[in-house]
Structures are given as C-alpha cells and as structure tokens.
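Here come two complexes built around chain A, the first alongside chain B, the second alongside chain C.
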Partner chain A sequence: MTAPTSSLLHDRGRFEAYAWRLMRLSGILIIPLVFVHLAIMHLFNSVYTIDYQWVVEKRWALLGWRIYDAFLLWFAGLHGFNGLRNVLKDYVHHKLVYRGIVIAMLTVMMAVLGLGTIALIGAPFSPVF
Partner chain B sequence: MDIRLRIRRFNPEVDQESYWAEYDLKDVQPVDRVLDLLEHVKGHIDGTLGLRRSCGHGICGSDAMRINGQNMLACKVLVRNLVQGDKGTIQVEPMLGLPVIKDLIVDMEPFFEHYRAVVPYFINDDPAPERERLQRPAERERFDEGTKCILCAACTTSCPSFWADRTYIGPAAIVQAHRFIFDGRDTAGDSRLAILASEKGVWRCRTIFNCTMACPREIPVTQLIAEVKKAIGKQKP
Partner chain C sequence: MSTFIPTVRETFRYKGKEGQLAWIGHRLGGLGTLIFFIIHVVDTSWVYFWPQGYHHAIVLYRSWPFQIGELLLVLLVIYHGLNGLRITLMDWKPTLWRYQRQMTLGTFGLTVLFYIPAFIIMGSHALKNLLGIELF
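So, the complex of A and B:
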C-alpha cells in the first residue's frame, strides 16, 4: 500500500501553519503588553493627567517605551488582522472576493503598522510646547 | 412527569419547510431516555416520525441529534438530566450542517466523505512479523482517546466552523487521523499530516470546544486537534 493521498484536500502550503504559530505567540505576548498598557493609562493615570506634555516627557522621551508601544502595535495588528482573515475565510467562499478583501485589509494593516512605527520609532520629532 | 416533546419535523414529500411538532407525554419517568420518548411517539402517537437508532446503548452512534440545543445521543441522555421538577419541555431536532432527509434523519454522506479523506486505516508496507506488530502500553496510550470515536458526527455538526464552511474536514475526521498519525506502527502519518495541513484541514478549527462538549464518548477532541496542529508545525517543509 502506498502513501495516502486525498482528492478532497490538495493545498499543502505552510502558510497556515506559520499563521497559527503567529497567533499563539502574539496572543501570549499581547496579554502582558495590554495589561501594563491599561494599568498605565487607566489605573495610574487618567484622562485628566494624560496630555501632550505627559506623552512627550513620560513616554516618547524614553526609547524603551517607544519600543514597547511598537511591539503592542505590531502584535495587536498582526493578531487582529489574521483573526479577521480567518473569520473571512469561514464566510467568504468565492476566491476572488476573498482575495480582494484580504488585499484591501492588508493594505490598511500595512499603512497602520507602517505609519505607527514611523511615528513611534523613526520620525524626526521636536516637541513644541 | 409531564413532558412536552417538541420535535423538528420535515417530510420532503409533503412539507415545503420544517416545523415544530409538539407531543404531550404523561407519566414519563425521570430515568427514561430521550430515545424512549421518541420511540413512544413513533410507536403510539405518530408512526410517520423518522429517526435513526440501532443499538440503543451509546455504542453505535446512530441516534445523535440536537437535544435542547446541544448534540447528544438520544439513547444516552435521561429525562432527569434535562428537566427538573414535575413538568418540562424537551426540544429535539436533527444535527445541524448536514442535509435533512426526513425529520431527525440527516444525510451522513458528506460526513463520511470527510472521514474517508484522511485515509482512516492502518498503513504499513513492511513485511508483517510472524505473530503481530508489538507495541508498548505507553505507545498505545498515545492514541487511545481517538480509538473511542463511534463516528456519530455529534462533534462535527456542533462545530460553528463546519456550519460556516461545509468543506471544512471537521473534528471527527481529525480525531480519526490522530488515531493513526500517533500510532507508531503506522507509516503514513506524514502523508496524513500533509492532508490535514491543507486549506480545509485543521487550520479551520477555532478552538471553540463545542466538539469536546458534544462528544458522547468524552474524547478531548479539541486537545487532539491541537496535537495534530503541533505535529504539522514540527514537520519539515
């Protein structure tokens, strides 16, 4: 008897395996990132204390916080995008429609992640008070 | 006990749409099974009721149906597990996600097509030893849970991913594949993993756990699916 094959299932790409790993890894990392973020924003500070000056002096001035926020942005963005792609895959069965929506989503995601990263890490910025 | 039995009925020769039929049953015992109630309706009230049953003891898996919104075997669930007090209502409908043939009978062929897709039989081209292919108890235990499956389809038809996409191979087929993938005597595990790594394979699973809750054999279905996912992840590209 030879190795089994199936006519029902033929696509054997590795992408979904990597995507599954990404979901597990980003899901685990998001938990501490989000809870620390929530604690800083809503427990230790509030809408009355968080303003332009606070962000510049307490957050943006320290490279560590900017990297922290970039991680949060990337992990939440990738996790959310891939989750949405999975939900789409369940309900959109027309291949071209599915591809079109995913390309649109991918474009938005890249724009959000790209602009966010530039704002956090790369952009030259001189605070104005 | 007084039980109002609501049954989702559909006769393709007469009905345009399915509908709820209600039967008021008197003197129901708390230890009666739902199957007993259905057989009472079929035997004494309306002989046209269609349902599958065979062994009646939770072994053959032919009477899986949706009872009070959850997939169960009608022969394994007692009235007292569903109704407290002297009176109550029990609602019975066919499993979701498979075409209804008549009343509680669904067409199982799409389910078995997925089952066959994972090549659920022992494969080993090596010459058979004189007596048998030996295996340690720990090696047997590795795939023990999957051997309990009775192919009732309660898991697959409780899965929202399957409801949304009927081409998803479904939990039952993955459990059947798991049984051979983790059997050290079988040599076709990698091929089965490749089949399950496809677009309609294990990746459609969202870890919702409906399958685990529905399984009348108490197989940890979601865990077995996760083990297959991990095994695919460890495969060399």
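So, the complex of A and C:
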C-alpha cells in the first residue's frame, strides 16, 4: 500500500504495525504504573523527603520496587522514544535527515535505558554513602 | 525542511476547536514528559554511579524553578495518560466516535479533577519547605 504522499519512510510494512501495537500496549500498562509512581513520589512523599538514603533504604532495598521501576523504565522509554519518532515523521520528510535523527535518538535511548537498567541491578541494597 | 515551518505554524493556527487542542496537548505532553524522563533516569541512575551527583540533583529539584516544573510535568502526564486512554477506547469501540466531542471535553474535565488535589498537595510541599508556610 503506497499512498501518493508517502515514501519508504512511512510505509515499512510490519514494523509500523508492531510499533503501533507497542504504543497501545505500553500506554495501557504505563497508566497505572505512572499514576502510582506519581502518587508515591510526589504526593505521599516529595523531593523534600526523597534523598539517597531514602531511595536505597526504602525503595531499592525491596526487589519488588526495582522490578516495578524496571517495567516503568522500559515501557515508558520505548513508548516515549517511539512517540518522538512518530512526531518526527510529521515534520521531517527528507529520508537521510530522518534516518540520521532516528539513529541519534536510538543512541540516546539505549544510553538512557542502559544507565537505568545497570543502576537498578547494581545499586547497593544498603547505603554505602 | 521546507515543510517544517508551515507544519509547526499551522499546528497553532488551524482552528480545530477542542479536537485540535486535545492533539496539541497530547503532543506537547508527550514531548515534555520524554525530556524530563531522560533527565530523570540519568539523575536517578546516579544513586548507583555517583551518589554525590544524585544529592546535587535532589537539591536542585527542591528549588522554585524545578518545583514549578514539577507542577507542570504532573499536569502534562495526567492529561497525556487520560487522553491516550480516550484515543485507545475510541479506536477499540468505533461507535464511541459519535461522542468524540463529549469524550474530549470529558478528558479535559477529568484531567482538572485529578490535577486539583495533586496541585494542592504538591503546592503545600513547596510552600512548607520553601516558605515555611504550613497548610495542613
């Protein structure tokens, strides 16, 4: 299926179908994950009660919260960066420019998800600082 | 690039009423949240990589500019989530498109309803810790 205004950029077969499905599934999952995260971090606690000790002793001391944060990290990250790619398609119609920006975005995404994942796995279970 | 400027300009000039407002809000909410997400994941990872850096980040978040940013961020996230749910519901049950206008306005209303208590509670945290004013 090739619409008159579309190009290879916009019509890449099954990939876009999977990307669309990812947005729906991750979106539905993120809603409870984010709303609970906001309530705990911004309403029941705040940046005035959260600090290094709090994160290590009250949150990441429990494996369950690390798993929770890992789900939030990956689903929100994939959802956000794919969303950015969708927005980009509306404004950038030059194939090479689009490709360059997508590669840059993927690099940033992998760096962010990598940092977050390593921290969730590696952070100590009791304060060392 | 030739289409970039007109696309951006028409985003704000196009008179699509509440549907256009819903679309702009969803887009700005998504982009704004992504920018914060990137910063937030990096600074939170410092709990492992650089604890002193994490402390600096938290101190920064406690200042007025970042408190105002936090108030805005939570509004964006609530709206983007509820509006995304509306879009998902309407795609799932296409008969709901008959109520598109009502559902869009309902999303705005629900966003305000969710945001008011969040605004009051977060605002009270900031007032208490920055100005010493206790509301509750």
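The definition used in the following text is that the second predicted complex is superposed on the first by the 111 of 129 C-alpha atoms of A that agree within 3 Å, B and C clash if a C-alpha of one lies under 4 Å from a C-alpha of the other, contacts with A are read in each partner's own complex, and residues count from 1 in each chain.
In this section, a residue touches a chain if its C-beta (ideal position, glycine included) is under 8 Å from a C-beta of that chain, and two chains touch if they have at least 3 such contacts.
No experiment lies behind these values; they were computed from the predicted model shown.
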Margin query: Going by the contact rule set out at the top, does A:34 touch chain B (first), chain C (second), both, or neither?
Written below: second
Item checked: chain B versus chain C, judged by how many residues of chain A each one touches -> C
Next item on the list: Based on the superposed arrangement, let me know which partner A:96 touches: chain B (first), chain C (second), both, or neither?
Entry: neither
Note to self: Contacts for A:77 in the overlay, against chain B (first) and chain C (second): which applies, first, second, both or neither?
What the structure shows: second
Next item on the list: For A:14, decide between first (touching chain B), second (touching chain C), both and neither.
Entry: first
Note to self: Can you give me the overlap between the chain B contact set and the chain C contact set on chain A?
What the structure shows: 90-91, 93
Checklist line | chain A contact footprint on chain B (complex, rising order) | finding: 113-114, 117-119, 123-125, 161, 164-165, 169, 188, 190-192, 194-201, 203-204, 206, 229, 232-233, 235, 237
Checklist line | Footprint of chain A on chain C - complex, ascending | finding: 1, 3-4, 7-8, 27, 30-31, 33-34, 37-38, 41-42, 44-49, 51-52, 54-55, 58, 61-62, 66, 70, 74, 77-78, 81, 84-85, 88, 91, 117-118, 121-122, 125, 128-129
Notebook entry, point to check: If you look only at chain A, which of its residues touch chain C in the complex?
Noted result: 24, 27-28, 30-31, 34-35, 38, 42-43, 46-48, 50-52, 55-56, 60, 73, 76-77, 80-81, 83-84, 87, 90-94, 97, 108, 112-113, 115-116, 118-119, 122-124, 128-129
Check: Can you name the residues of chain A that touch chain B in the complex?
Finding: 1-14, 16-17, 19-21, 86, 89-91, 93
